[in-house]
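The structure follows.
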Amino acid sequence: MKMFSRGLVSTALIAGVLVVHTSAVAGTIRIGATMRMISENGQKYGQMVADEFDLINKNGGINGNTIELSLLNDECKSDKGVANANKFIHEQKVHLIIGSTCSSVSLPIVDVTAQARVPQIIPHSTNAKITQKGSAWVFRVPVSGRYYAGVNAKYTGENIGTKIAYICAADAASQNDCDAMQDQMRRQFNAEPAYVAQVQEKEVDFRTHMLKIKSANVDGIMIAALAETMSRALLQSYEAGIGKSVRRIGSSSASNAPVPKIAGDAVLGVFYTAAYAAADKRPIAQLFNQMVRDKYGIHAPDHDFSQAYDLVRIVEIALHRANLNLSDGSLAADRTAIRDAIASVDGYRGLASGPISFCAAPTPQCRDGNKTPVLIHYTKGGEEFETEVLARVPMPINFGLE
Amino acid sequence: MEALLGFLIFGVTIGVVYGIVALGISLIYTGLDIVHFAHGEIYMFGAFLGLVFAHQYNVPYWLAILCAMIVTGLLGIVIERVFYRRLTRAGGGYTVAGMGMIICGFGMSVVLQNIAFLIWGADAEPFPVNFGMPYQIGEIFLPKSYVATAVAALVLMGGLHVFLKKTKIGLAVRAVAQNKDIAFLMGINVPLMISLIFGVACAIAAAAGVLIGPMQSVQVEMGYLMLMKAFAAAVVGGFGSLPGAILGGLLVGIFENLGAAYISGSHKDIYAFLLLILVLMFRPQGLFGVEAKVKA
Amino acid sequence: MLEVRDLQTGYGRIKILDGVNVSVAGGSIVTVLGGNGTGKSTLLKALSGLIPVWDGEILFDGESIANLRPDRIVNRGLIQVTQGKEAYPAMTVEENLMVGAFTRSDKQGIRRDLDKVYDYFPALQERRRQLSGTLSGGEVQMLVIGRGLMANPRMLMLDEPSAALAPQVVLNIFANVYRISQSGVTILLVEQNVRMALLLAGYGYIIRDGRVLIEGPAEELSGDESVKLSYLGGTVASREQMSS
Amino acid sequence: MNLVVTLQGVGGFFGRMERTHPLLPWLLAIVALLPLPLILSGLFNDYYVYLANRICIFIMLSVGLNIVKGFCGQVTVGHVGLYAIGAVTAAILSTNFGFSFWMTLPAAIFIAGLAGVVVGVPSFRLEGAYLALATLGLGESVRIMISVTPYLGSSTGLGGIPAPSAFGFTFDNFTRYYYLVMPIALVGIYLSFAILRSATGRAFQAIREDTIAAAAAGINVRKYKLLAFVISAMYAGCAGAMFAHMRPGYIHHNNFTIIEMVTLLLMIVLGGIGHVWGGVIGAIIVTIIYDQTKDFYFYQPLLFGSSMVLLVIFMPQGIGGLIDRYIVTQRFIDARREAGDGTS
């Protein structure tokens, strides 16, 4: 039993050495962001978010208060994301949580923030369930996956055909895109999928699937996967001998820069829906493209950049509006005030493909900010890729809801 | 029928790559009596080095393979000398102490992956190599990169065979692999040979990495899945058998592609594990009946 | 030629040899005798550098070779021939022999020595392309001696060449060991087979419990019946073997 | 040196307690650990209570892994697969069939135990690295199965797993959940001790030291190897259920990857393989260090990986080994001092 007591005391010792983190300082708005940082773009979004908040501080802050951002990596793993959220909420006592970038991490964090009554705003997780949970504390800047599916299905069924093969990677966003698309094809055109393959999140070899798809004589292939996985699948679809006449449909991650970079010419003609097109002709979009190119060395920002940027702006607006006390005792009240302020954002027009509006009810209608997907296709592959906007489709507010 | 031929081609092209990596794993096993759990990361390093040579220094593809092999081989020698040597010197065997080697391998794999991330970042890098138009056999397209992979695998295999059977150093390597004490008594510098074995195994893995680059692009996380498949290949072929490793690779490649084609595509990655486990359970010495060292 | 002074060594923390003194003159045949577990093999391992020397000295040609790496010791011409079961079973006979010549680079000399080995042991020449795993026990013993010779040794240390072999075969091998010795190679013979070893050798040591118990010229030792009976484990068996 | 004196005083106290009744010190420990959430949230904040919960789950995992690895000497790297099986079992039973925690916990333990049989059978024929490969393959197959099967959560994960409740009391926040997982973890540690001290534990150790000698001594090697795997699998299953029911009640297949396995390995290596308290010490230290180094996320794998490599090379016995050595030395000094006192 000696051992036991020793164990106990050493535990206490270790706990005693721990650094006690910042307690509340008046005049500071604390924001915690959890993202997948172990990826090149993730790192850069994170950097951009941090830079933008710095800029706000340099320009005098918000109503005299400064913003303190703390950025943590969740590796796109739900348990790490939940741990980060808890750290933000209980240790750093943040007023607002930004994150996560992965649907499978955002999903559980929604429950955490709902229980702890902390506002959460999501930069780019598209899984429809996130806002369908009915939490009053969650806001989503990006377009929900169900809108993407509606637009993709309509375009596919009317212009390409209804015999579609699906390759769905095992991450929450892609899975959702895949399922929703099949659902929409059924609903709009009464079309069953011609072939469905479930693959690993980081699958590298798709050629067997492609050969089977080839022999199924399909009109189009939907590839729902994260950027690297998708680009491999695109390349290998040509290796398997599927010609250009079969159109490739991407999930929203097709907008990420690695897709044209890795897939090269295999990306030509691939179309997808996203929340932002670098080919956007508006001056604000051109300015943004220039800024990202100069500051972060990215040829053209994908919609994840634009959504992160819009998110910062929306947070800025909301914080300006919120009546914050920022004292130790007012944490709960401040969190509620920020939530209500974000909910009051109406008709924000930034980089996003359509106006972003929130409202108070804890429903997807109120909490999915952007409802305007934009249909894009690639006209040039490689690092210096080019895209073209095919259509901008405002969706009816109740679209795809049961 | 043509579809079957297509599946077989895919199985063979990926299978030879599994086989090459398995060759290295087998070689290390014979030479050092350890199963190297960080070999996937060595393979990844090789792929990245190949990319660096091909795109930053603009050397031709075949030369990039060679350069990557040399640099990765040296890297392997350093790792073996600095870290593994202390463990293997303490004696092989897989008692509680021998468990250290496995854990050390896992730790090393995490370290190497993190270092590669810090150097090259997390994003996948394309490895475009222009091989020209694919061959066409009936309805089947056969990209030249596949042919190049198969040829390179054969060259490596043949080269290794000649090295081991026809050269004096190769003879010494085999002697060390079979019995270190006697090799020592014959005046062979055993520590040097062990380093050499490790270096050669790492160089071979690098070649596999560069070969697969054009097919699958290059990414920090690419090593793990390859390692699992290569383990399966090495076990199926009989651990410690060099021709067995290549045959095992082909078998795993074909098995998983046919499984994906005719059983269920979604479970493609499980087939290799299934094969690995079945072989381990019922024929631990491998399918091809070659003499393998089964450690107790 | 070889001087061992107060040699202490062992495995891990267990001391096996506790101050052994052995001396071998150039050109002679010296035998070290002892039963199982008396430390004979440990002595050889320490001499060829496979295990560390704790204390004491090993002088070869007047130079200390204690705690040198085995391949360095081999380079000086001191070669250990291991027991017969330790050939490389997955290599051919000739490959086995070539492993022995690893330290050498004179192709002509190697060729000449190969012929010499085949001359000593014609059976090996017949089977030069066979895997050594297919050889009989006696042939493997010949092979490992031949392998030792391929290193062009100045002194050869033999570890129980008679172990588990038929008397006729043992006779053949010992005859060849004698021929090797005549060609100018110093021999240190470690044996359990007392009678044969003492017939061949000029001087003998008997070790027990990690120390030299008795030493002397071979004729004296072989005359000393009490030595065999009291101190050599397994002598009865070997005497029976002899008489059969 | 005051610390040492205190340690010995407390140790002696517990020793006396144990002589009174073997379970007494454990009950006392539960009582002593009861106010921990209050202390932690008072000294620091609620986040540390959350960490305490995580630590309890990791303790279950690493103590279980230590039984098969440390006590019995079998190299397994498929432990996260069993953990996943426990978690998924609990999640499906509670969300799809409405079972309560008190039903899902034994079910998870049972199903994981069954899976432990499957993982254990290869150990009859395989040793060392071969066994590591087989268990790695099995563990990874479990994860892939989960990731491609919609019913098992697939990529969306399984969410909405309810918080356990008993007598109208719901364990729905960290402080409350702590009072559920802390006793379970202590029971886990106690059972691990009990197993080690029992005839079964001695059989495990005999197999670890020398399988052939153990068989020669009449130990049914297969039976005990299998038993070790099954017991460790049950620990993993229990940890899985504890993890699944913890707020926010969400599991995803990427919680069970090889990286988690490496973290587990680091825990038992750091704590000391085969050392009774090894898993506990490792789980506590690794969880806390992981948390404290969160800001350096780019270098965390480097830190963990290199500490694994260096530990294996320079401190293979881990912290547990150091403590053991300290205790042995201390007892030796005590004995000598007592002997000295006796003569003077």
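When the chains are written out, they are named A, B, C and D in that same order, and each has its own residue count from 1.
Keep in mind that, in the parts below, a contact is a pair of C-beta atoms (placed from the backbone, for glycine too) under 8 Å apart; a residue touches a chain by one contact, two chains touch by 3 or more.
The shown structure was predicted, so the numbers you read here are calculated from the model rather than taken from an experiment.
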Moving only to chains each one touches, count the minimum steps from chain B until you reach chain D. 1
Identify the chains adjacent to both chain C and chain D in the sense defined at the top. B
Need the most distant chain from chain B, centre defined as the mean of C-alpha atoms. C
With contacts defined as at the top, give the pair, A-D or B-C, that has more of them. A-D
Please find which chain has its CA centre nearest to the centre of all protein CA atoms in view. B
Between chain A and chain B, what is the gap in Å from one C-alpha centre to the other? 37
Length of the line joining the C-alpha centres of chain B and chain C, rounded to whole Å: 42
Round to the nearest whole Å and give the separation of the Cα centres of chain A and chain C. 75
Of all residues in chain D, the ones touching two or more other chains: 144, 148, 298
Per-residue overlap in chain B, given as positions that touch at least 2 other chains: 117, 266, 269
If you look at chain A, which of its residues touch at least two other chains? 38, 198-200
According to the definition already given, which pairs of chains are in contact? A-B, A-D, B-C, B-D
Chain C residues within the chain B interface of the complex: 48-50, 69-71, 74-75, 79-80, 82, 86, 88-91, 95, 98-100, 102-103, 147, 151
For a test of understanding, state which residues of chain A touch chain D in their complex under the given definition. 1-11, 14-15, 18-20, 37-38, 72-73, 75-79, 82-84, 86-87, 89-91, 93, 103-104, 107-112, 115, 127, 129, 169-172, 174-176, 198-201
What does chain A use to touch chain B in their complex? 38-43, 197-200, 202-205, 207-209, 211-212, 215, 227-228, 231-232, 235-236, 239-241, 258, 261-264
How about chain B: which of its residues touch chain C in the complex? 168, 171-172, 174-175, 178-179, 181-190, 291
Which residues of chain B touch chain A once you look at their complex with the stated criterion? 3, 6-7, 10, 14, 117, 121-126, 128, 134, 139-141, 143, 215-217, 219, 221-222, 225, 257, 260-261, 265-266, 268-269
